[in-house]
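Below are two complexes that have chain A in common, paired first with chain B and then with chain C.
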Partner chain A sequence: MSFISRGFRGKRRDTASSSRLPPGQYIVTDYPVLSAGPTPRIPLNEWTFVIEGEIDKPRSWNWEEFRKLPTEQVTKDIHCVTKWSKFDTGWTGVSMDKILEGVETAAEYTVQFSYGGYTTNLPLEDLTGGKAWVVYEFDGQPLHPEHGGPARMLVPHLYFWKSAKWIRGIRLVNEDEPGFWETNGYHNYGDPWREQRYWGD
Partner chain B sequence: MVQETPRVASLVLEMPDWPGHLAGQHVDVRVTAEDGYQAERSYSIASSPEDSRLAITVERLDDGEVSPYLVGELRIGDKVELRGPIGGYFVWRPADERPLLLVGGGSGVVPLMAMIRHRVAINSKTPTRLLYSSRSQDDIIYRAELERLAARADGLTVAHTLTRMQPAGWDGYARRIDLAMLSEVAWPRHEMPLTFVCGPTPLVESVASLMVDMGYDPPSIKTERFGPTGG
Partner chain C sequence: MTVQQSDLKLDGNAIGGLLREIFTMEMTAAEGTCSSCGKVHAVGQVEVYMNAPGVVVRCPACGQVQMRIVKGGGRYWLDLSGIRCLEFSSE
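Up next is the complex of A and B:
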């Protein structure tokens, strides 16, 4: 139950942007950093990306191989559970549809796992159908380590903690396995339009 | 309402039915204008879980939306809508016996203060060092309380650094936190400390990286960053 906060007016935004802004979010123009723990440093010659788990044979790419995959440039609004949203962020990377092309799996769930130990879970269907990418450029520049470089996930239809930084691979699993924030009080799915921030939302 | 510094105030709230919290957790504060417009921001809890009232400490951001209201408009007796406690990562549980290194920048000291207050409230003897970076002496939040707690000599030590302006006769550090400072203040690696770092992103990035360079185990370094934006 909300009540009026006497004297609060707030900064209004125009209606054009408010239809793009999920409930409880505000717009930023810079790019805040949120990570748990130190930023991992990953030399490109040691970087690999792997698809493993419920798959006949794991697929893996080193940096050079990965960069030869067909790229896409996408422009997306991103929404952080800490309440900032940033509009029209530009990314270059590889669509998960391309990465998972030809993969046959009975798995319905996935776990993204990262250098540094971060994990986050998603239904497989949230990574396919033009909804997710592995990206390595932000606004045309190599992705800065603070923001997840060399490569991070981009799953913009969900809160941004569902887009793992420093991505190392994706595990296909039969049972849903809550990841790092999901076991630390945050919602298991994280849809910003339904304001699924925390446990119980 | 406690004015901590010219820009920072603590809000002390009576919380009926508060479920309790862990030191380091935060709450979401929601404010609602007369026409129903709402804004929400997260603020760290400053009080110990043992305190009967809940305190949050808020820095007024000049271009912020919620913080100028909380720090400037809110009056004693006003109601505040909040949700929490939230977060299970940046928390200190006293059963963890590792020595604590707390590194804070500006209002990043707030969740660390909850840990320090918790430690005192339960008479924990966990060896604890706070390294706290502020712009000037006037910007130090909880200055008197920290001084008093450190004087108990019960295993808490407090080191300040003032990065922009130092008063005459200042005997603390007078620069941004660097390798030499951390080498002096941090627990030796073999003591396997648990480290919490909270502050603006550049400070957190720098301190966490330096700690990794110094050989501390990355999972033992817990960070919470806040950017220049916020509310």
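Up next is the complex of A and C:
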């Protein structure tokens, strides 16, 4: 697709949707698959999710336990740093507020880590206050492994590389630890509204 | 955990052009030693994932990340820490 056709489509967009589109992004209706490696297939009976690090005792859930946590259905716009945005994506999952309920920690930073080895870092405050979920359904269907199933992170206010696929756990840390892309050119925070794509943006 | 090979996987020839930009010479015949398993592969034989925020090169023998290449905003970022040694012709 050329820039010209993108711009043309942009002009026809109504103002409501334009104001939902961060700078430099274009809208897609499909759901592109991004992958930095082979797709891990994690059998549900081997899946676990853990909160570890600066916490008195690590908390972990197997699939059965995790699915007993209270769920939420959320509809969010997502923004990929490769410039596509997708509006009104529907997810089912557990909010990080629920997962972190009662956790006492002095940590101010977190590292999401995944099956397959991916990592991405975030301040703890970006995971709380109704801003982040561990999701296992997309559009009412179990999340396909290509899109990060059995479960992935959803942190829709930041570029989508900050939402780890195949999530295995979250480490609470005192010092910020830049992750897979953040150590090699990508912005440490990744706010799409401030177009924080690369180091120095 | 089992791992399924993705359709998104390419071989090292897919980044021949990108490496020529960076090294200003043909690099697909260059040979890299994996810093994880020690096996040697020509750049043309490695596993390449390009549908990502950057290019990820993995060892065909052990799957370890060998290179990460990000190009954007007028700059390159190149991580070769997964390659212990890269041998290529000076001619």
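Methods note: the second predicted complex is superposed on the first by the 189 of 201 C-alpha atoms of A that agree within 3 Å, B and C clash if a C-alpha of one lies under 4 Å from a C-alpha of the other, contacts with A are read in each partner's own complex, and residues count from 1 in each chain.
Simple rule for what comes next: contacts are C-beta pairs under 8 Å (C-beta built on N, C-alpha and C of every residue); 3 or more make two chains touch, one makes a residue touch a chain.
Everything numeric in this text was worked out from a predicted model, so none of it was measured.
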item	value
First, second, both or neither for A:W84, with chain B first and chain C second	first
Partner chain in contact with A:Y198 - chain B first, chain C second, else both or neither	both
Partner chain in contact with A:Y26 - chain B first, chain C second, else both or neither	first
Partner chain in contact with A:T39 - chain B first, chain C second, else both or neither	both
Touched partner set for A:W161, first chain B, second chain C, both or neither	second
Touched partner set for A:Y136, first chain B, second chain C, both or neither	neither
Touching partner for A:G116 - first (chain B), second (chain C), both, neither	both
Partner chain(s) touched by A:N184 [first = chain B, second = chain C, both, neither]	both
Chain B and chain C footprints on chain A, overlapping residues	32-40, 82, 116-117, 146, 180-181, 183-185, 197-198
Residue ranges of chain C touching chain A (in the complex, touch as defined)	1-6, 8-9, 49, 51-54, 56, 58, 63, 65, 68, 70, 72-73, 75-77, 79
Chain B partner contacts - residues on chain A that touch it in the complex	2-12, 24, 26, 28, 30-40, 82-84, 116-117, 146, 180-181, 183-185, 197-198
Chain A-touching residues of chain B, taken from the complex the two chains share	28, 30-34, 37-42, 65, 69, 73-75, 78-81, 83, 86-90, 201, 205, 208-209, 211-212, 218-219, 221-223, 225-229, 231
Complex contacts: residues of chain A adjacent to chain C	32-43, 46, 81-82, 115-117, 145-146, 161, 180-181, 183-186, 197-201
